[in-house]
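I've put the structures underneath this note.
What follows is a pair of complexes built around chain A, which joins chain B in one and chain C in the other.
Showing the complex of A and B:
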């Protein structure tokens, strides 16, 4: 065929890569214009920097015997713990003589791991259920929607407390439980609503006329069109996961060696939270970190919203 | 010779739920009510009527986007009414395609032109990328999007309405169907590019030997496109026949009113006041009498007592009216 030789100017994957890059650049420009999105991203990068810096500091300037976030102890300050900020300990030490800054930086990694894992699981489940419910409707839809109602009304923290007495709740298991649980919750309603607006488009009918199976239509048409919204909700899910972890750690319900929640828990169980303001370095750094990280993911989510919802754009 | 597509008393009722806790559905919209017609090979069969008369529902029944309540659809001698799954349905999907009304909504915004047109090929088992590329390029050239390589990797939002509709036509034609349901393919387009799309569809009939069911509300479009014409009113065919015959010699009062409403390009022309009054009534549980009775200017006692008149054919020209004489 004469046309055949002229068509393939470059391989298909390179065409696709170019198209992807082009749409990425356009979306990035919109994201950048939102102002709050890049701010959130900046804060997240700051935390990433803290996470990366910790092992480097431990290997170079910080003596592991003093600065280890879990088993460290500063013998120079015996009897003075919790010591206020000083050049040696920029954020002071905790009641058992460990460096607060080191704990704060070390915990960043687990907060990220927990938040992102839980959010990924939540959004994956929510997207699949939302797409399937919207496409099939009927009994499938009814079952999953009633499950979602149940999950939304369920006292989640209380459930985790009970669960903790049965299984060993470490960070990975907590991320799994939280991800799966909230995946069946309210997020399915939102994503199903979005999938319903996609389902009634004529291109879905065109795919049916072309002979596409339900699986094909859900995979190739419905999911790609709700994925931007899923991604947006992933940002908000991270916030939820970090928050829940902080609450559970504060009550000492998790088998985690160190986290921001545990730092506050340590201060509280040693009786230093009573005199408000006096031992501020024990609770303020982790408190600010929790708030700031959640805030940052929330800002990124709001920034992405302008991409997903064109009505929010300025022009 | 048996026709390519034969439709026999096709009926589609849509249940209407009046109350939330209604246990039984008591009301039905009679969207398509006992419609019969046949489309010959290579023919363009027009379906005209106003909004809500059941044209699009008929089209969707024919491509099996909807399941009929009763009636039969026969394609090339094979009854496809009860086809549900399996290789037989797959073969049917390759033979029968549809072109949708709105080219802005019928293309997935996340698909490039290539993705959209290659999708049916993939579904029907063309796994070789080179073959898909060649076939997409070939059909793009046939629908007038040349050179194909400049269009292949564009997104719908980068195309004009006419170009989008050409892509949608290419998607329908790429599997070389025998029969295509075209649901008002030009009604959403600018007047200036309608003729181009219509000529393209006529040209593809010659090149690919495809037959159309052409759905439109525009009599001028129907006259340009169709070999034969059926006029629908509230789910019933009220008149059917060769296009020129129906338009020059309309027998049903509804067809006559439709033709009288066609704009005349003459500023001094004064239109006679319309004979028919009122609006289309809802097709929910319609009374058994003639569907057109509430608006008919010539209704007689017979019309008020007898059931809906049957479609009586005389030399290819059929009409469903007790009073229409075959002169």
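Showing the complex of A and C:
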């Protein structure tokens, strides 16, 4: 007793914060060691910078009448659109006289919003289903696994091509549809497999004996343990979502006012894609941006993989 | 094994039925129908439109249409395409399915042949500069925006270098008076590819009996050359060589695009799979026995690591239609993907549904193949 009174009790939140900080540092070191993870993170930060810079530029340097990504027009270059890069328009203008760089920067925001929203929904649904299937097994498991089979059977882009005439696919709805659809797909298989390995751990048995309800065990024990893997799959889902949006926009099948895919679509429908090299600034910047963003999230995902799967580490 | 196969087949049938239902509901939910495009056409009065709708089977209750549709699918009747009236859907699919199948089969095999050894090597020498460089390149191609890749390939090889034609299936001027229709030539090409694969696959299995590695390698090399020589000779003899060459020439760029996109996936999977296997005890044992590095890598590690890679590779084949839509559109390659896109945009329901149904069948069969292949590759699994 005497010993205990001398120990100054640390508040619980500080213990938790310290533990969190320690594990964060360790994980960060591992992530940094993967080298490709930080590369992806760097590219993502670059895009964030672009996203933040756009409203600032619009408010200070760029005249909204000329540089607005959707309704802007440069009257000085009438008859010369699409104009090649110049000091006034670092990436040139598009066939109807709008600044390409401004469009590129403005679209970053919607790409991030779409990718992250869709991925969050996917991962939330996938984690819940994976945990529930692993814990209960039996008929619940069978039903969700058949649904996953069915979802994986559908060529997703082909499905969206039909769906876009059933519902008005704007950015929010597209994110919802993509998120929900892929949440029921292959991701549940992986997360269920992970949850199954958690389910047989002794502490689950202990929690059951202590009288924990199924809900409690799933919420407090299973989900926290598969969350790292979910987080990893979120990165890959972002890549998928951004790519799908870009393809559909490129075919001109979405009700989005401006995105990287639509920029290429504009160039193509105005007939400037056939000349390839001559009007490179119409397709190269948005194409490269789509590729780089998908690439960056995928790299971060692979970097995180070394944290989640210790067998991939060097030591 | 037979019981397992029967069980799987029953499961597949149920999934397929659900798939058909969902496809039907999806197209039912689409507003309007094919005849809507004639609404503003003064030459087609409302009565004529009504008659057209009736003739195309677009009237009647949803349930009636559904029963009709399911019965038709299971009796092998896919209906008549609205766009290409009166061509049957099956007739169109019969023409275009081989084009997609050959394109993706060839590209995926090349990608596998490229990705498998690359993944093996970079896993073995992980952490070196080559590992990072190859990994980053693989990811870049894997996540590249397909239209961008297509544009760049077309620009470089067709515009700047002028080596290949920019898309299409054949050069029309060459085919003004062909001895046989292009489809026949293409089917013969398909048969050639299939024959070569069968020869090489069979030869691979037969030569496994040769004990020493060196004669075995020589026998396999001889087999590859023999296959190529046989194919070339047969085409030379038939006199259709230039025509076949024209089609092959048009195929190079799309195949290259699909290969570049898919080799990264195989390679990255193989790398991860290898890294996991390398940590196993039996690899340490094999090294401790003093076996050469190459033997440990190829015969001990790579064999086990191959398993998950093959599964994922085959499942990935299911996405070919999604990928096919973009690639085929970019290279104007009239396969299933491009046909599907046109059918959906034109509201040609029978054709679009037919494309989806065939994709479904293809993917389900592939899943079955994976299961059997798994049993074949992994001695621990027996059904």
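General observations
We adopt the following convention: the second predicted complex is superposed on the first by the 307 of 315 C-alpha atoms of A that agree within 3 Å, B and C clash if a C-alpha of one lies under 4 Å from a C-alpha of the other, contacts with A are read in each partner's own complex, and residues count from 1 in each chain.
The definition used in the following text is that contacts are C-beta pairs under 8 Å (C-beta built on N, C-alpha and C of every residue); 3 or more make two chains touch, one makes a residue touch a chain.
Given the structure is predicted, the values throughout are model-derived calculations rather than measurements.
After overlaying the two complexes on the shared chain, residue contacts for A:221 are found with chain B alone; chain C is out of touch. Judged by the touch definition given at the top, the superposed model places A:207 against chain B, while chain C stays out of reach.
When the two structures are aligned on the shared chain, A:139 is found in touch with neither chain B nor chain C. Look at A:78: by the touch rule set out above, it reaches neither chain B nor chain C. In the superposition on chain A, A:19 makes contact with chain B only, not with chain C. Look at A:59: by the touch rule set out above, it reaches neither chain B nor chain C. By the touch criterion defined above, A:29 lies against neither chain B nor chain C after alignment on the C-alpha atoms of chain A. Once the two complexes are overlaid on the shared chain, A:302 sits against chain C while remaining clear of chain B. Once the two complexes are overlaid on the shared chain, A:156 sits against chain C while remaining clear of chain B.
Per the touch definition, chain A reaches chain B in the complex via residues 1, 3-4, 6-9, 12, 15, 19, 201-203, 205-212, 216, 220-221, 224-225. Chain B meets chain A in the complex at residues 60, 63, 65, 89-90, 93-94, 96-98, 100-102, 105-112, 116, 119-120, 123-124, 129-130, 133-134, 137-138, 141, 147-149, 152-153, 168, 171-172, 175. Of all the residues in chain A, the ones that touch chain C in their complex are 35-36, 39, 146, 149-150, 152-159, 161-163, 165-166, 239, 243, 246-247, 250-251, 264, 273, 276-277, 283-284, 287-288, 290-291, 294-295, 298-299, 302, 305, 309, 311-312, 314.
Residue ranges of chain C in contact with chain A, taken from their complex: 14-15, 18-19, 22, 26-27, 29-31, 126-127, 132, 135-136, 139-140, 142-148, 151, 154-155, 159-160, 268, 272, 275-276, 279, 315, 318-319, 321-322, 325-326, 329, 340-341, 344-345, 352, 355-356, 359-360, 363-364.
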